[in-house]
């Protein structure tokens, strides 16, 4: 019984330098476990604590994702071991590409019941990779998952749906994307952090993996910064709240939005 | 010389920061300070994340850890604005680890691992503060028991703790130092009574008088060897001084950051007060003191980790850290002006708590006594 | 891969498809819908202005719509359209993911504009959480595009026949029940005025201040992400930002919101943006029309009072 946690080691775009030509430079930004991924680690850990399943972390990206700190940061979150593909040919790879590589890794691990992922990544924020991974594997893909537990012969899950909360039973492998507040992820503890260095890490070569090649590609035409928005930026001093309120209400009435 | 953090230190500090955000916001600390309560829920959260059993051998449920890392964690908790939030209990338990019986070790370390306060230090008496060997509490051994009579005062955390680590005179010998023994006495033993003291500093640690009136317990309560109490106590005093210094560092950093932020936002005479030179002078000198305290704390921790004898280093570090940290808080109070002296403000709490560290754990003056003699001895 | 001149839309049991239909019509004269889910949904889509509806059959009891993703993908691949559009919410992502995997094509998200030059599709997207925009041409096959779903007007069009096609849904997941939500649905997208609150609010009990302002101004309540999850003071549907709603009200009032990118992307197209924040260096003051630098706990009551009808 193996549960895979598919996560990302990535920087926050807030820390990137964006040129006037729309180029995005992440070189000064610090990477970390992607903001919405800890919940996937926690769900995996809770299921594994109940079932004794092995928890394997998987991450793919460019060469910079494989650092000692990155490995330990992941291993300190309840993983038994870690598998990484770090190759500069994956720099800027789209969601389908990343999903194809992840799928090859998951197939190689074998005997995987569940792949758990976060809702979306902190840097790209599309919320697509996990569901495309399901497609690559030919498995059921479900997002907005708010609860996972082991049950006889499979897993019981809950999901947020527009009308409320749906409960489901899984009897085969699936890829699940968790809502960010599915569960409060525990803070990596002392023992986890100090023990991380001892856990196994496997680095797989992209050339050795059987990855479907891309059929459709994007040809870049142009890039730009988002339009500044031409906001008026009228700043009012709020230390006299009554006067400030009067000034604002007056301006909004004049602008005919009130 | 590598002043950077290891991966483990970065991850530990990240976790600690997250834990503090969740379990120890300023509103929590302010409320505890106002109501004179201990940070029990935060202590439990630290325990659950495994931070409570740091620096101990694994066979007692601990995780071995170096002094530099421990001081980083102590500094960070203090920087949140919480006084005595981390480090003190762990370090006190080292006494038991080194000298205690198997049963005592299991008991105390088990309590620590469960996030409880295992014991309070029962040394100070009304007539024996800095002059600790002038104590008059007696421990009479007879027929497999020990009977205690005496009064301890200004004892911290006793009301929260299971035991009192009592230093008492166990014989009538001339040399006061060989007459003192160390004992673990249960706080709920018949004959033990307490009187809570209201103080103006360290509100999140209770302080009380403890009266022992014919308190009789089995002599298995002895820690280590009879007559060896003083020497046993001295053993870990340096480590205690280091933890206090790291605590002072964190609290002072918090006060400094608050004051600098305030100075950049508070407008008087049409400008932020941070643009006036007298405020800049204060902030600059505060920054220098913080850098000094930091270097002192981590160099001393490094010496501990390298097994280099501290000699006077611990005393020098504690004296400087406590005094300089208080000066930083005092300047911060001045920068805040009238706002700082309002009850419930963080800067006023930091100022009060830092004042306590100038006599807690050994006064500024005793540190001179310790270091001064050592310096002369080394230069003979 | 050769593509036809058609644009397809994929529907995962949600009949509110007019946004997708409008977008599809802008790309092609011929629009086909492939529908997974109940017959009623297929019939609704058939009257929403598409030219053809392919329906994967009535799901057996307990079969989730996501189980049809491989069938949706296969059907789209057979049709080889120049573009396929799906909803960026919920099961839409699952369908698009299956199509992307089968065609080995990227799913395009954060789309600002789509245009075509013959069969070549060009897409302008907001990337990296909104820090930049880029325009790309899609080459080698269909453009798979995720768009905000929902209805942008009343569906219109002569109803076309619903053509049932065989499907072989995955059997590895079974629905066992749905626990209905108590709250009434929220339509932030339709609100003329929205009052949003962020981390500047210290306690849940203080929400009364904000709802007081919302009532006085006649606006809907919204929030930035931290208040919708984690702290859980406000329902998720009211979260505005890259992971929540993207709205364009005439007036947007942001209280105690710092102005982080991930939030501001959600209101980029608002008419007038007003901000209240105690930190004069807050990012939002560069992205608003009017900003009050002050303590929300005094400014918001003052605003509420100023908006009250004069006796």
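Going by the order they are written in, the chains are A, B and C; count residues from 1 in each one.
Note that a residue touches a chain if its C-beta (ideal position, glycine included) is under 8 Å from a C-beta of that chain, and two chains touch if they have at least 3 such contacts.
These figures come from a predicted structure and were not determined experimentally.
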Neighbouring chains shared between chain B and chain C, ordered by label: A
Chain at the geometric heart of the assembly (C-alpha centres): A
Between A-C and A-B, the pair joined by more C-beta contacts: A-C
Where chain B and chain C are represented by their mean Cα positions, the distance between them in whole Å: 54
For chain A paired with chain B, centre-to-centre distance based on mean C-alpha positions, whole Å: 42
Euclidean distance of C-alpha centroids - chain A vs chain C, Å: 19
Interface hub residues of chain B, defined as touching at least two other chains: none
Sites on chain C at which at least two other chains make contact: 280
Complex contacts: residues of chain C adjacent to chain A: 1, 14, 64, 66-67, 69-70, 73, 88, 90-91, 93-94, 96-107, 109-110, 122-123, 126-144, 146, 170-181, 185, 193, 217, 229-230, 232, 236, 242-243, 250-251, 260-262, 268, 271-274, 276, 280, 285-295, 298-299, 301-303, 305-307
Touch list for chain B against partner chain A, complex: 7-8, 10-12, 14-15, 18-19, 22, 48-51, 53-54, 63, 65
For the chain A and chain B complex, residues of the former touching the latter: 68-69, 72-73, 76, 186-194, 196-197
Touch list for chain A against partner chain C, complex: 13-14, 16, 18, 22-24, 94-97, 99-100, 103, 119-120, 122-128, 130-136, 138-144, 156, 160-174, 179-181, 212-226, 229, 231-239, 241-242, 244-246, 248-249, 251-252, 255, 257-258
